[in-house]
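Only one structure is covered here, and it is reproduced in the block below.
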Amino acid sequence: MALDKVGIAKRIAQELRDGWYVNLGIGIPTLVANFVPQDITVEFQSENGILGMGPFPFDGEEDADLINAGKQTVTLMPGASIFDSATSFAMIRGQHVQLTVLGAMEVSQDGDIANWKIPGRMVKGMGGAMDLVASAENIIVAMMHTNKKGESKLLPSCSLPLTGVGCVTRIITNLAALEIKNGAFHLLERAPGVSVEEIKAATAGELVVPENVPEMKID
Amino acid sequence: MAINKVVAGAQEATTGIEDGMTLMLGGFGLCGIPENCIAEMVKMNVTGITCISNNAGVDDFGLGLLLQKKQIKKMVSSYVGENDEFERQMLSGELEVDLIPQGSLAERCRAGGAGIPAFFTPAGYGTEIAEGKEVREFNGKPHILESALTADFAIVKAWKGDTAGNLVFKATARNFNPMMAMAGKITIAEVEELVEEGELDPNTIHTPGIFVQRIFQGTGYEKRIEQRTVRQKG
Amino acid sequence: MAINKVVAGAQEATTGIEDGMTLMLGGFGLCGIPENCIAEMVKMNVTGITCISNNAGVDDFGLGLLLQKKQIKKMVSSYVGENDEFERQMLSGELEVDLIPQGSLAERCRAGGAGIPAFFTPAGYGTEIAEGKEVREFNGKPHILESALTADFAIVKAWKGDTAGNLVFKATARNFNPMMAMAGKITIAEVEELVEEGELDPNTIHTPGIFVQRIFQGTGYEKRIEQRTVRQKG
Amino acid sequence: MALDKVGIAKRIAQELRDGWYVNLGIGIPTLVANFVPQDITVEFQSENGILGMGPFPFDGEEDADLINAGKQTVTLMPGASIFDSATSFAMIRGQHVQLTVLGAMEVSQDGDIANWKIPGRMVKGMGGAMDLVASAENIIVAMMHTNKKGESKLLPSCSLPLTGVGCVTRIITNLAALEIKNGAFHLLERAPGVSVEEIKAATAGELVVPENVPEMKID
């Protein structure tokens, strides 16, 4: 059975490492914060100026002056810090943030990502995405394997305007976990109950399939 | 005695803002925006302005109020969703929009205030943002040359300020305000609480008064929440 | 819980500093220098180091202690007066010295930490500092291209710090410490008072913990005054 | 009678304008702070990170953590602020500081200044001087008109390594107040009792002397 959004978030949480600072994009990535393994410590960075972002506030305790980059009311963890946008992106650009998780409309087998603009449609802007993908050492894309029309989002090359080039290192979709290297998607794991054939069929770009493709372990 | 920057209110503070000017406005979403000065600019009906601001407000609040009255000619932002009137004006061609990666926007404002006319950044390389910009490799990685941004007026909102123009921001209402304060030819600060010089700890000031030319205590802050997200106790 | 950066003391903090490395050391004159780590480096006798530090201490304190033992191969500074042993080694050619305008030094450290490989500044144009550097005119004024500085280790001194590595500096002991903290591959912070996470106000932190890899509470700070200037009461 | 150092400082203080932020270099410039006209407000910037620098502390109240750029113990005025070195030079480079006063070894009639290096002698470094002279809109040089050998320090061109080019706008010496424009020194005022002839004799660069050269008014 393909993963739902929560399943994707749970699988991404397995990629977290102790001591990492992590920036989570809007949507599925935000859910990752709920599934941090109990034996590790990570801190969440929000590019509008938080390190050590905590969960949503309790009802009635929300503060208009304390939001995340998705403009949602949030809280601070003990040890948190606040800073301006220039300092925030100094952290990002200077590679002090170890991991960025974000959504995408398309990813190419060379690691290019497109997630901000569809020609002819209203363009809302790239926000911090271009800075994030240009800098982070580890970039995980969280997305559905195919779009609403059933077309693959893992392509030989992106058709949409790019957000960044050669930057995505890992993709977690509803069907699979994949690594990008040497100009190809490398299949790492299958979603529970999903066959290699299904993944092959849903992947338009070059897919390297090892002899053994383990099934994801999702609690 | 420190140099006194106090003006009576939004009306005096915004004196000199004219049609066609370039303005920077602090804030991220509706968080930390200069509500009083925006209201005043709606009232004075200044038009043809170029707004450098990370976002464009929502339909009926923030910069959306200026958009409603078609006072804005051009937006320079990183993200402009959540605003139907914005979308309408943009798609009809009434409104020019210059989209800039958020980190480059922040750094370009800081550079403008810091006398750094240009700097290299990896953000946007290989994308349409890089079109027409110089590309240079450093440490094996391509970077693009970005230029400084300045404004005729920068308008920021702080939590506390003193008569000398020193500012302290609260939580994430800080965002773009400190860099924009640096980059305005004239910088206006509206604050929730204006105190006498000497009342703020010199060690905890976010924006030194040198960057602020006019300061006043604002009134009636709505501080609207754009995405109210909460969890339940228990 | 935040990421814990606490180490036992100067010995553990300086583990991994090796001969020939490039180090950044915070401080301005003798103000805000990492006294404990300097003492530890004298003890461990690391040699051939390149020190990026605004000044070079005095003969018997600060970086002067490392100079005495000839542990420093090269100084990268803006001002190196007040040190006879420094002068002797420099004039005899034992010590290399790279002098950099103070503002460019500060900005180059910030750039190193902020992922900005190079930027334009007017400082030094037309002087020997500009030799070999690209010159470009912006707004009718010539600027030179300066590159980012980074270090194998940055060693900074703060007033207070917490277990998460967040730092607060006191008065002008802040100086170069925040930018250098950003620019170290590994940043060591020694603090006068180490507190638990949550004890510092998130809104008043000067250096967020993300920039600090190791933190410890130092001991026996001498905090020597270089130029004691006073006036008499009455 | 030629001015002494205090006299030069007093004359420079007359150049201050209400609302200016001012950076004072080491030596004579530092003395200017003692003679700010009572009817104006200025704030002193020290490039190691102070805005609103006050006088020396009272005996026993000095703080090792609060020094100026000359490494002297100082105090803060009400409304002062503290910042890091990058922010300090952002103020300077960004022309937020209206006036810089500093000493010099040589000044040329084109406004070049040399004040940091004598070939063959121990070089202590330029400190913040290159940043200051490259950026400030108003740069006043405070110095003796001649060096210890009696040679003019106001030259057709500098012989020493430069600190900055075409930047000095005004010079106050023990003998005169001068303006630099159009590639020449323009005599503005004579020190009390000093003749135009004496100033001419002590000035190696091109000196423009108006018909009337008033005498300085120094209290």
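For the reader, a short list of remarks on this structure follows.
Letters A, B, C and D mark the chains as written, and numbering starts fresh at 1 in each.
Here is the rule we use: contacts are C-beta pairs under 8 Å (C-beta built on N, C-alpha and C of every residue); 3 or more make two chains touch, one makes a residue touch a chain.
What you see is a predicted model, and the numbers here were worked out from it, not measured in a lab.
Common partners of subunit A and subunit C, by the touch rule above, are B. Chain centres here are Cα averages; for subunit A and subunit B they lie 28 Å apart. Once the centre of each chain is set as its mean CA position, subunit B and subunit D turn out to be 36 Å apart. Subunit D has its Cα centroid 56 Å from the Cα centroid of subunit A.
Residues of subunit B found to touch two or more other chains are 107, 110, 114-116, 121-122, 169-171, 202-203.
Shown for subunit D are the residues that touch two or more other chains, namely 76, 82-83, 89-90, 92-93, 135. Taken as a graph of touching chains, this assembly fits none of the simple shapes: it is neither a line, a ring, a star nor a complete graph. Of all possible chain pairs, the ones that touch are A-B, A-C, B-C, B-D, C-D.
Across the complex, subunit B meets subunit C through its residues 107, 111, 114-122, 136, 138-139, 143, 147, 168-171, 202-204.
Of all the residues in subunit B, the ones that touch subunit A in their complex are 28-32, 54, 77-81, 87, 90-91, 97, 99, 101-107, 109-110, 121-129, 159, 169-179, 206, 223-233.
Against subunit A, the residues of subunit C that register as touching in their complex are 1-4, 110, 112-116, 162-164, 166, 182, 196-198, 202-203, 205, 208-211.
Those residues of subunit A whose C-beta lies close enough to touch subunit B in the complex are 46-50, 55-74, 76, 82-86, 88-90, 92-93, 112, 122-131, 134-135, 161-166. Interface residues of subunit A, counted against subunit C in their complex, comprise 19, 21, 41-43, 45, 51-52, 76-83, 87, 89-97, 135.
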